[in-house]
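The same subunit A turns up in both complexes below, where it pairs with subunit B and then with subunit C.
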Partner chain A sequence: MNRDALKKTVLDALSTVAPELAPSTLRPDEPLREQLDIDSFDFLQCIVEVDRVLGVSIPEEDYGRLATLDGFVDYLARRLAAPGTQSSLPTQESGR
Partner chain B sequence: MDAQVLVKSPAAWRVAPNLRDYEDARARFSWEAAERELAGLPGGRGLNIAHEAVDRHVLEGRGAKTALRWRGKRGERKDLTYAELSAATHRFAHALAGLGVHAGERVFSLLGRIPELYVTALGTLKHRAVYCPLFSAFGPEPIRARLQLGDARVLVTTSALYRKKVAPLRASLPGLTFVLLVDGGGESDTLDFHALLARASERYEIQTTSPEDMALLHFTSGTTGRPKGAIHVHRAVLAHHVTGALALDLHPEDIFWCTADPGWVTGTSYGIISPLTHGLSSVVDEADFDAERWYGLLAEERVTVWYTAPTAVRMLMKAGDALPRRFDLSALRFIASVGEPLNPEAVLWGQRALGLPIHDNWWQTETGGIMVSNYAAMDVKPGSMGRPLPGVEAAIVRRLPDGGVEEVSRPGVEGELALRPGWPSMFRGYLHEDERYRKCFASGWYLSGDLARRDADGYFWFVGRADDVIKSMGHLIGPFEVESVLLEHPAVAEAGVIGRPEPTIGEVVKAFVSLKDGFTPGEALRRELLAHARTRLGAVVAPKELDFLPTLPRTRSGKIMRRLLKARELGLPEGDTSTLEAPA
Partner chain C sequence: MPSLGADMEDGTLVEWKVKPGDVVKRGDIVAVVETQKGTIEVEIFEDGTVEALLVEPGRKVPVGAVLARVRGVGQAPAPSVAAPTAATVQPPTAAPLTAGAPARRVEAPPPGAHRPRASPAARAAATRLGVDLSVLTGTGPGGALTLADVERAAQARAPRAPEAPTPPPAPTPEARQQAMRQAIAAAMSRSKREIPHYYLDTRVDVGRAMDWLREQNAARPVTERLLPAVLYLKAVGLSAREFPELNGTWVDGAFRPAKAVHVGMVVSLRQGGIVVPALHDVPDKPLGTLMRELGDLIQRARRGTLRSSELADSTLTVTSLGDPGADRVLGVIFPPQVAIVGFGSVREAPWVVEGRCVPRPLVTVSLAADHRASDGHRGAAFLSHVERLLLEPEKL
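Let's look at the complex of A and B:
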């Protein structure tokens, strides 16, 4: 799955909790929650939706990597590049 | 939401309002002084609601004036003058005496909005028996419960209602001695209402009535358990009269229409008693809501003051702005509403479509009369219930762990709306339920169970029932605020919002909406509505879930049953649904 398709998946998931979302106004490198006025519960719902669509279960400790649209897409790209991986990414990938 | 204020100017007054300066009126008011406006029973025999409502006008030379202008379902008309109403109610009181009914015993009515209902109510009060109205659309079970809980001795109804809803229960109601049928009927073990009245004298002297004698019994649905019968006394008429003058701006020359059914407290306090104490002419419509009929009645009867309900207002809004323009509503000068909070759009719609804002007010079965109100001469903040009546002390209180409460004086803070006991129409008990009555009071306050806030200008804003409030992520969310915003959307006809329990954040705000004609439920619209609410309310308050329903369940008095929505959502038993309209 290429990055554009992953991006669309994330945007679709975001729009289930924030249907007013206008993708063209979204800054890919800025935190999603502030831009979209979504609270933690909304964000959780969004992650659940991504899991449902892509079959990628995201452990809670990785949520920090999903804060921006670019970060979210990067994370998913790496996870999908490692077939069968259902666990957290290696710690050296965390960047934190 | 306080942004828009409808400023009142004396230039717009068509009649000088009874209350011209709120602060001044409040400062000067006392119930003792107001009581001088009542006549009292001749010879110092006390105070009786029926005398204030009917007989005093005859004694003071106004007997020829029309008291009730009745309009039947099929276009029939019947006017009753004060003198005719006095004679008919004298006869009914006599008839009760002849049957051996004693003062204090309960006389129930199960009737539509027909003249006999008014005769029953006022004649019962003359006899010093206790009047208890039942809504005629009740099914047999709620009727049975109320007749039993209220110790009914007499029931006045129609033969059709009797056959369908009462006759099968009769064996379970040994205390119900007399059933009077207004259309004769010939059912076994019943009496002919009109035959009884015809035999009775139309001269009757109301016996000594203490202001604290029980006069009215109004059943109200509790959040749990069986219905509660709120007891009101004859002294309540002082509040009925005063609030009619101050909150509804009633003048003797008015044509007044209260659309509430007398099966409920509004239809009794303001559909029967209050307007009659002012000696004005009251319109009674037997038929149910119909937008065109209602506008027609307002126009033809030259109604000047109109007291209706938010549900009706919103149904009129649905019918469109063009419809009222076809009618001459020029006589109308004041509109008020009660039953559930009136959303700002409805207030402004009144201004736009009818040329008058709609004045919301707040009260309960237990308060017997209007307690917080908007007034003809006071600026309206759309969405606010207004300010407390002169003579009524209202506050926002917070419950304390020790069972007491403390007043919250800081503006804008949500808390429970509380009233200082002492106004004349305060309920004096729940019949046979002393413990439930006592639980309504703490630290010298009556606790309404309604959540509200008071702004810096002293206006009260309804937030929700204490038990309907949603707590989500540590935030208190008032369902009404959410519903109001959903109702702003052109597709939405009705909205009900609940807290769906959710383990992580306590409760999730969930909305149920029904759509106006021409709109179809679907994913696109669902998202549009959620987006609309989110944009207006923010993520913390906006619903996160939204389901479409063909209609939302409402109580007979028009309140959306959030509790029932919640029960259905959770798959729980639905509880007592006796006061519901036809289930969705």
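Let's look at the complex of A and C:
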């Protein structure tokens, strides 16, 4: 699955909790939660939706890497490139 | 038209889910109404057979107006012009509901205004039927108002009640938005006018609770993961059972403790505004069940498909700011309840543990309570109880 398709999957998942989401105005490198005003419950719904669509189960300790749209897509791309990985991926960025 | 909280004045019938002749059971959804809080599914509160639907879809009627006539099990068919009887669709559960009803007259009585003398039955019926006691003339002993006086007044008024000239057009999002703001304004103004609030807060080390949640969630599929809010809800629910003076309603100058603990959860809506649906019997439910029910409530609250009972019978309220948020929230009590418990955002901060200063995740837990029903001493003990439970999350 290429990055554009992953990006669309993430945006679709986000729009289930933020229906008025306009992808064109979303800054891909800024925190999603502030831009979209979504709370922890909404965020959990997105994780559930991504799991349902892609079959990628994201452990809680990785939530920090999903803070921006770019980060979310990067994370999914790496998880899908390394099938069978159930738990946390080795960190490339510094910190969470 | 049931009262779905202290701030509701009227509602518009959107749709009937039953027709005359249908057999209904307590808890069945019989109608959908549009209120300031969105679209609500109205449940019926007794078993019986629908005899007549008295309000057409599209009509706006005040709280207390009779929507339909239902013949109870074993009751004879009512004559065609029956007055509202016990078998009409009524607000759910007497205590908390009648408690909510006085909000229809949110204006404070003018100074020196006297409370009309009335029997308790008359008072209860007046609340239920939406009759203003202060304008009636009593026929009872010493001019006191009787049940019969109230019923006569309700009957005399009944034909006028559904007097909407034409079905109103569907409300625009802006109109709905404005209606919700007004509903919140009415309830909160009443609260600040009538309830002598006192406030307490305490910081709680939630390090163990968060560690425990992480462990739990690592073993759970994504669909069953728990949020911190569910620990807060359970801790408050269990504590409320130990502190009955914080769990109930203040009605007609007296506190009525509630038997069950139904925790109202403040849910903010994306378009602005809040709704406060209830999670029922919180102390008796395991965390997984509470999380499922909370998730379902939040989603339906945001979609606007709550049920009437969920908006009417909270016995105290919890508000949790989540993350990102603020350090603490001092709540405004939802009348006629007597307490609201607030949870700020979790913050890492210096904390002294065994004589050493260490960074710990802390949350400020606050209590705003009605000083007519409880005192600060008990309020503080309540907060300590909540803290103790959060320090031992595995027992929740």
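The criterion applied here is as follows: the second predicted complex is superposed on the first by the 90 of 96 C-alpha atoms of A that agree within 3 Å, B and C clash if a C-alpha of one lies under 4 Å from a C-alpha of the other, contacts with A are read in each partner's own complex, and residues count from 1 in each chain.
As a convention for this text, a contact is a pair of C-beta atoms (placed from the backbone, for glycine too) under 8 Å apart; a residue touches a chain by one contact, two chains touch by 3 or more.
Bear in mind that the values here come from a model prediction, so they are computed numbers and not experimental data.
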Q.
What does the overlay on subunit A give for subunit B and subunit C, a clash or a fit?
A. clash
Q.
So in the superposed three-chain picture, is A:S15 touching just subunit B, just subunit C, both, or none of them (first/second/both/neither)?
A. first
**Q.** Residues of subunit A touched, compared between subunit B and subunit C (which is higher)
**A.** C
Q) Of the two partner chains, subunit B (first) and subunit C (second), which one does A:V48 touch, if any: first, second, both, or neither? A) second
Q.
Between subunit B and subunit C, whom does A:I58 touch in the aligned arrangement: first, second, both, or neither?
A. second
Q) Which of the two partners, first being subunit B and second being subunit C, lies in contact with A:V73: first, second, both, or neither? A) neither
Q) Thinking of the overlay built on chain A, is A:D37 touched by subunit B (first), by subunit C (second), by both, or by neither? A) both
**Q.** Clash with subunit C, by subunit B stretch, listed 3-11, 147-155, 183-191 or 237-245
**A.** 237-245
Q | subunit B/subunit C common contact set on subunit A | A | 18-20, 37, 39-41, 44-45
**Q.** subunit C residues within the subunit A interface of the complex
**A.** 214, 217-218, 221-223, 225, 227-229, 268, 270, 295, 298-299, 322-324
Q | Touching residues (chain side subunit A, partner subunit C) in the complex | A | 18-20, 33-34, 37, 39-41, 44-45, 47-48, 51, 57-61
(Q) Considering only the defined contacts, which subunit B positions touch subunit A in the complex? (A) 473, 502, 504-505, 508, 527-528, 530-532, 534-535, 538-540, 544
**Q.** In the complex with subunit B, residue positions of subunit A that touch it
**A.** 15-20, 37-42, 44-45
